[in-house]
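Dropping a structure here in structure tokens format, bear with me for questions.
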């Protein structure tokens, strides 16, 4: 299975498998974006690419420039159409727009990034057995965004010859993992005229044939990267001459876990990655860590974030070191509009192959929340819906895969829902 | 043994026992100062009292005003001469000066405060058995400063009729315990014309009959009182609404003990008293602690003190609480002048009852260091000497006592040494 | 207002004021118990006293023997009837039983202990203005248990001449504050034949005239006293020779606050009192602290308690010190039986002076929970009800007081409810 | 400069440059050992190799088996003589013995391992400019052990035809960096018949032409690798279900830095590498760290090591995780025998090119200490001497290099000293 150099004429299943095999993690979706843009262009959509799809100041968790350059070079080698690669600059993502009539502006948001994890290689894993497991070490579509991209493309194809009396906008969003790409796309301006927005996720434990008309109550979440920088010295001869970044980091970690619970609802704090890399006889010069906070509400996660900042600031003062914090990613809460939920239910009821329609709590975090809120703040309505997909292993695991029947069924339901929104 | 209302005509042993029984802790030596001042005045010395003996801005570890008032009222009740009490204001201590001739200005520094500790009450303890154990609960002469005061008075008496061709200055210093009174007396101006200064300590493990011609290598030391102040809240209902002073204190303590050792020499850190006093269901509003740092040199203790300040400041920031730090006390290092050591050796050799003369390391901390340094900075010379006293139990313990023979012997040696300094 | 030497013939208001003035904190209610027992005896009830009212092995948070002895001596001085004092031994509390007929066994639980806090003394506080503020420093009825005791006595009086066809049991429980007396009384056996149990609390923010037919959803709670014991040493000379109890305590505190939140519901942790009392130059020998955990459910507070034990054990190991933990108190959750709630509602509806009947969440913790559970485990039913009391200041504050009209109204409603239970 | 396949016929400078270019870190010195063994064999020495040179139970800080296998395979590819590679098994190091006469058994210990660090590649660094910088990424002779190996070989050559009336033993020791190879070689038995032992180091800040007749007062040191292992869980959904290895590690680190200073002398503690590598939303499963302690004496470093073990054990208990500790390396103190120091001084005085002979404090740590002690315990004498080498940049830095004149001069002095030992 060589990399496709065009999606035109290929089934959505083939598109999904190609994206799965050449998985691109957040902010590295150069090939994905270029191939999608090429067909959307052919289909008659007006295409915005890369830098034009986000507010660049709002981008979070962007890998270093050399990693981005390597990812883009890889996309080029794997046959991504050059013209689109050139156009997108260093930023990924696509917004495709087409005006079919005077009706409302309806949007569909799908995310397109892979996860940073290694895919299973044994024959018990269908993508491996059938030759479309990721060939990019440490990058894998373990959350179904390959199917999301295919669904978005399917919807574009479905309306290629009209059938909807309004304007259709398709958002292929970068870097959903970690909550890095939603906020900048929401701030791009492209959402500002949307009347009705659909966002979609496959899988999440539901079987193929089930439609989730709304996912509710996502958690608000923020991820922070923190680096403490001190000064090294010889731990034997001059222990006093160093400024110990590790002592600052450990003081911070101990006190981060000690942030007071909140009386108004559930909060969470966790420190994931920690790294300090010195010889045993050198006072630590630099220590880095990655922190995540959550809250049942936006206010609760903001409370946690505020307390994290105090703790980190104080820890640096304690040990006379400098620090930098960077927001790695952020999501917020949202609520679905009842009218949109009803539209999805009606569309599902009208679609062959839908066995059941349910409504569920989300339980996780999603940066579609920023797009949903943007639309609602400007008077539009929105819904976050699900398409069951019988995945054999949990999301984010090495054996994640989906029942590909979900792709066409997802397209059908969404097309129907969009049509009903006009 | 009722409290004496005058020392005149009493033996030095009787004076010491009276001071022992009516022990006054640091900055509370109202009765001690008044009684000493009264006799010194009678003996023809010009007497400076209380406020006139210190730079008030330099006073450290001063008890609250109500405690001072109570101590002064107690002195009044116990028969301290009113006129002197009135004159000294809220500050204790005496400087007595008398010019006998044109020769050098020679000083003697003795400290007069008791310790804050309870004295043993059983008959195995001679002061209890013979009725002169402290009647002031929690105050006890457990370091021999009662004997120091008696020695100072003895020297004053010895020169009452001359016998020394110069000016004699006797410094009865308050609040040596904790290192609180030396710095302010050193800054008073009274030391500035001293040519030769003697300071004396009894006991310290040496038997009566032994003279220590110089104590060397004291440690530099600083004591800090720290109070963190946050805000209380109900730990069940609103744990987030408090600002937890105890979390700040514990973060501070953990990191204080973690202050880096210094490559240039020995340092010390300790947290003594810690107190937070809340119901279990209240987020802590206030936490107090007492910290001590030491260093082999002044620079090393200053290094520690600087690091303590960073840690405390950072801990407060971490937990969004306020804090105050107060210097409870401070000592520095000093060196003895060889010429003065020789004077002491010669005086000891010329004094009946002296069995042995030795030179020793001090091992502890002393705020006479500030007086010694003040004299030396202005061109004078100084020595810190010792008088053995066969104490049955260690300094600062509940059973501390001394062989009172040390008092007269101490007077003899010092009188001889002063005479030889002219 | 001299202390009463008998309650007979006194109004419930006078009884309450007498108990308020001679407030006795948990496990010290000798006078309260003796006076209640004397009248209950006179009224014809069979009286169990002190040791006979609890399983002594289950008692928690018992003050030291000398404190108990002093409290009992004080009760004697204040005129508590000697015979009952003698009978109760070192334990307080009363269970009074009387069989009126063959009907069900109905219980009423009231708690009788004061809080450990100082009462306000100014005229703005009615008990002070009218001469019945507590004369026992640091002990105060700031939670209305004086009124509870009076209500219990009022119910006993109401049935003195019958009017109820069954057996009545009145539980005057010690040491509710801190959750120390409920568990041992529940384990005494006295609850084992109860068919219907009422427990009552006054105030809690409701005005006089309001009856709370059930308080629901109390938190499960445990309080732990922890003492770390190391070895002292001189912080300057031999810092290594100590075993630092304070370092153990601070390591524990930091990590206690860091105990992971639980995914199944709300948990709480707090450290209230902390004390380490050393000179600054002594490595800390002993440090004590008081910890409280809570959980939305019994399992959640047990999770917290288990984690506390790990943390404390590990902290002691870290610093090579010993430790002891003692359960200071414990409460659990409970649910009210619907049939009992309906009985209270009906009784309230039938009682003059009741303006409104409501049902509420409790929000706090209560060791009546153990009595409720004991009854329910053996097939009985129970309810925890409230009597509004227009208190001018919050519970547990220095200005707490109640509208005494609540006492008679409480008696009326409970008498009616008991009568309806037969 | 292709890798040499034999040292025979090459100058010591060429040998040193070859070893420098194909630098092998501790326990990976397969090529170094094989090439040395081959020539020593040719020169008539009886050669012990690898496993036969150590007590395998005493080896510390041994890399994983796959790393060792890769290092050995690399040695094979780079032309190391196969027969010697085969003979040495998985262990490196050489002991070469030759009996020339009936005189004493004299030993020379040189160490042969490179450091784990990247060498500078720019032309300002002579090894890079002249083509002999290390071609093994992350391995570099930055401490002069390449020169030590060359000196050892030079001494072997010097005595190839006799000139010494005794037995010569040459110890080419593995893994000195980190103190990993000295203890196992000392326990091998090969040292047990040594009468006089020389150990040598080049550089250390002295210029070429200077001989250090003895390095004194090395620090005792121990390095520990610690891994905490808990259990992961989702930080949002089930934070309580994890067992947090990172919390254990941070509790340990805070308290490690807080280990009490020792009254008997200087101690040191440092945590170098720390690593925990989880996604932000996963409770940490594994955290690793590397710790180093030092002491002015063996007892002081043992005190620190004992306290480290307590802290780590307690931290694991606190957070209910498992842990493993492994000794990464260890050194001890030693003293030089005066007779041996005099021998070196005499040899230096008799050697052309020696400008100056000095004696110095060592300041660092050395596992030659174990060999020195072994010899002395069995009645022999030993000295640790230095050969100045005008290094342009500090030891262990990326720009370290030496004046190669030191090699021949070192050989001359040592040959003279050995000859004088017979």
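Observations on the structure shown:
Lettered A, B, C and D in written order, each chain numbered from 1.
The rule is short, and it goes like this: a residue touches a chain if its C-beta (ideal position, glycine included) is under 8 Å from a C-beta of that chain, and two chains touch if they have at least 3 such contacts.
These figures come from a predicted structure and were not determined experimentally.
When chain centres are set by their Cα atoms, the one at the greatest distance from subunit B is A. For the pairs A-C and A-D, the larger set of C-beta contacts lies at A-D. Between the CA-based centres of subunit A and subunit D the separation comes to 50 Å, rounded to the whole angstrom. Once the centre of each chain is set as its mean CA position, subunit A and subunit C turn out to be 54 Å apart. The set of subunit B residues touching two or more other chains comprises 237, 239, 247, 251, 254-255, 257-258, 260-261, 268-269, 283. Put simply, subunit A touches subunit B in their complex at residues 237-242, 244, 247, 251, 254-255, 258, 260-264, 283, 303, 307, 310-311, 313-320. Remark: subunit C residues 178, 219, 221, 223, 235-237, 239, 246-247, 249-251, 253-254, 257, 268-284, 287, 290-292, 294, 328, 363-365 touch subunit B in the complex. Residue ranges of subunit C in contact with subunit A, taken from their complex: 254-255, 257-258, 260-261, 266-269.
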